[in-house]
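Next come the structures, one after another.
First chain A sits with chain B, and in the next complex the same chain sits with chain C.
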Partner chain A sequence: MREVFFMIFSIFTVLAALGVVVSRHAIFSAFSLVLAFFGLAILYLLWGTSFVSMLQILIYTGAIVVLFVFVVMLLDLKKEETLDSAKTGPLVMAGLSVWFFSLLILRALNRATYFKSTNVEAASDIKSISTLLFSKYLWGFEILSVFLLALIVSACVLARAEYMERKADQ
Partner chain B sequence: MIPASVQILHWSHYVAACLFALGMFGFLIRKNAIVVLMCIELMLNAVNLILVEVSMRSGHPEGLIFVIFIITVAAAEAAVGLGIILNLYRAKGTVNIDAFRELQG
Partner chain C sequence: MNTLVTQFFFPLSPVLSIVGGAVLLTVLEFFPEARLQRVKASVAASATLLSIVFTLLLWATGSFEISSEVVETSGWLLEFKRTYRLDVFTLALYFGVGLFSTLAIFLVHFHFQHRKGPQEIYLLLLFVISGMQFLVSANSLIILFLALELMSLPTYVLVATHRRDPKSCEASLKYFLFGAFASVLFVLGAAFLYASYGTLHLGLLAERIQVYLSYENSPFELLVFTYGGLTLLMIAGGFKIGLAPFHMWVPDTYEGAPSAVTGFMGSAIKLAGFALFVRLLWGIFIPVSSHWVPVLNTLAIISMFVGNLAALAQTNLKRIFAYSSVAHAGYLMLCVTAVAPFGPNFEALYYYLITYGLMFLGVFAVIELLETRYQSSELHELSGMGFTHPILGVCLSILVLSGAGIPPTAGFLAKYFVFLEAVKAGHTFQVVLAVISSLIGAFYYLRVLVYLYMRENKREGIPLLRAPTVFVCIVFCALSMLYLAAVPSSLTFGP
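Then we have the complex of A and B:
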């Protein structure tokens, strides 16, 4: 059963990601992005990390994609861009770099000596995650919270309508 | 939670490699700046999937911590990036990345 779910949702996720790349209009890319994020959330559930899966749905599909959809609908994108401006040079570079990257990952992950541990239940436990987050990674957590505060201010300043005119006046 | 006999989940780094490849292709061939940002999000998600796999296979929850950090930074990047794109659209009337060439003269 788990195998069938994994096959279905991995193919679903990859197809949705393909939809993000090849969709003609940005709004279809955004909807394909929602599907890809849901597929990834289900893959996280299959791994047993229900907390990360919940975060994925709440933050990615609940906040980030909504932001994308808002901006796509805010802008007047009548002039549809086409895909025929693709050059072969970037494609070859992308293919090579992705190939090297995949080789690195497969080389690293196929060493079974990394994965002798059997306490996978402890790893996905929310208690162990939060203990680690508030002890060893406390400084990263606090710096990230200050970073988010700075982000709120900077995003508000950037997205105001008067920003460009005020820059033009100066 | 995961029985050791289930080996098919260990294929998820292939899925992550596919997602990263698709995100990089989209990043390089698309001309719409919003879609370019979406492709960056796809690449970040591929990295998240690899981190979850490594964390669950090795039994250390550190990977999940970094997934949480990456999700937070991705939300920040999307918010600021879309704000910049909004201002570029106000300045140029388009989001085609070929129109933004001031810095290279």
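Then we have the complex of A and C:
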């Protein structure tokens, strides 16, 4: 039963992700993205990692895509700014690479027995995730804090450069 | 307490001094007065110098084993020691990163003395440097990825510091798109390896690849995921170091970025990119070396020819040296692939990386001077500079000769060591091609000399700006070319 649901929702997720790429209007892309993220959240749920699934919905769907939609709305896209005609060349290339890649994956997954033997620690609830975060992945967690600070500063520099220059001109 | 100092703070001190400097600068950013820029620059420079000092101290004390008391406690400290790799290679790379960064900070300071720019430039530089240090000491795929991103993201902003300049924006956007794509491929590759071996730790991955792939008939999907992961990681790394055919962003980005930042990218980021290759290929993929060596060898040859031939057609100094950096990535890759039968030789690679980085930084320091004065980096701006600025002319000649690999300089020895390694590994044909391509390359390096000494000076009476720090940087780079050639053993280190 779980396998059936898994297949259904993975196909759903892939279709939604395709929708992000091929939609001609930015707002359709954004909503396809919401669907893709929901699909991913359901996949996580089927894997038994309910916490990650909730985070997926809260952070990606709740915060990030909503921001996307806001930006798209604020930009006030006119008719001519949507992609009027999709070029065939890139589409053919994309189709070929997807085809090749899915062959690779399908061929590999055909004998998926191997994956049951690898012992990947299952972290499904907050407690086990935080234990892992502060023991096994502590160093990565610390680097992440530096990384986030760097990101904030970078974003400020990009957004504020204009303002500072104007201030210097006065 | 004592364990904490000897096992945590001391091994981490080169990184901590950079991150500490970054935190201090974050606080200093509350004071945006222009006259504080000098203070901020000196904070950044002292952080990198401190990092070099700590690296040398660690080198002198030199014990890299995980002590038994840490193993007994088996808490977070043990997990930290497992993910943070400290060995002679790491220290050597720390030293290289510190050296290039210090020089680059001087250049960046000069650049922004004469132009408007964001205040936070040194802060971003320190973040990039800390990212490189995390990268070279990483012992886990997830740390490698985080460090790669920490290194790349502030660099995109550094490239785009001149927001009014369309070239700078174009450079940054191109770099960002290619870099983001490479990051995605890296994550996918890492996920493949994690899915098939159940670990992100590089040491464990190496053991498991060795064991699982030595079976007579390993499961097919294991092979697919191992080689698929390997391919994706190599492509991601190739984008970062600008190896052909992943070099499309290099000329535009190197041209559009401020020259000081280009010098930094071409030396330090390339060093870190090759550290990534070394960690992955020499660290975990040695058992499958027969699969990646021919591929990377071919890419190395393509890089050399693409870089050297395209540089012939350029008239802009920045583009010439951008293409030459593609060619140099090819020579370096020839050293990375020389693994069989005697095992990889880190010293040849390190010698090449350091001499190439110093050459690149020195040349871009000269370009920075030219660009600040004449607002252009075309080749003809150099006309007659050998006579109007004799010391600068001699220094640039030494640097350029070193880039071409002509004997009295370190560039020759670097190429010689790399070719020797490749011949030892049985890649004689590739070495012949590499020699041919460096002969082609010598043409455009010598053209710089022709402009320096054999063209009329049209700029009589408009001397370059007086810039003692940049001048010292250039002289340092040029002298180190001669010093490293005379004493090549100064860059060797014990096992």
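Following the convention adopted for this analysis, the second predicted complex is superposed on the first by the 101 of 170 C-alpha atoms of A that agree within 3 Å, B and C clash if a C-alpha of one lies under 4 Å from a C-alpha of the other, contacts with A are read in each partner's own complex, and residues count from 1 in each chain.
Everything that follows uses one rule, which is that a contact is a pair of C-beta atoms (placed from the backbone, for glycine too) under 8 Å apart; a residue touches a chain by one contact, two chains touch by 3 or more.
Keep in mind that this is a model prediction, so the values were computed, not measured.
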Have a look at where A:Ser154 lands relative to chain B and chain C in the superposition and call it first, second, both or neither. both
For A:Leu96, using the defined touch cut-off, is the partner it touches chain B, chain C, both, or neither? Pick first, second, both or neither. neither
Quick check on the superposed pair: does A:Met73 touch chain B, chain C, both, or neither? Answer first, second, both or neither. neither
Based on the superposed arrangement, let me know which partner A:Gly140 touches: chain B (first), chain C (second), both, or neither? both
Could you tell me if A:Phe6 is touching chain B, chain C, both of them or neither one (first, second, both, neither)? first
Once the two complexes are aligned on chain A, which partner has more residues of chain A within touching range, chain B or chain C? B
Identify the overlap between the chain B-contacting and the chain C-contacting residues of chain A. 109, 114-115, 118-120, 137, 140, 144, 147, 151, 154, 158, 161, 164
Would you mind writing out the residues of chain C in touch with chain A in their complex? 19, 22, 26, 32, 34, 75-76, 79-80, 83-84, 116, 118-120, 123-124, 127, 130-131, 134, 140, 142-143, 146-147, 149-150, 153-154, 156-157, 160-161, 163-164, 194-198, 219-222, 224-225, 228
Along chain A, where are the residues that touch chain B in the complex? 2-3, 6-7, 10, 13-14, 17-18, 20-21, 23, 26, 29-30, 33, 36-37, 40, 43-44, 46-49, 51-52, 55-56, 59-60, 63-64, 67-68, 71-72, 74-75, 77, 79, 81, 83, 85-86, 90-91, 93-95, 97-98, 101-102, 105-106, 109, 114-115, 117-125, 128-129, 132-133, 137, 140, 144, 147-148, 151, 154-155, 158-159, 161, 163-164
In the complex of these two chains, what residues of chain A are touching chain C? 104, 107-112, 114-115, 118-120, 134-140, 143-144, 146-147, 149-151, 153-154, 156-158, 160-162, 164-165, 168
Sort out for me which residues of chain B touch chain A in the complex. 1-2, 4, 6, 8-32, 34-35, 37-39, 41-42, 45, 48-50, 52-62, 64-65, 67-69, 71-76, 78-80, 82-87, 89-91, 94-96, 98
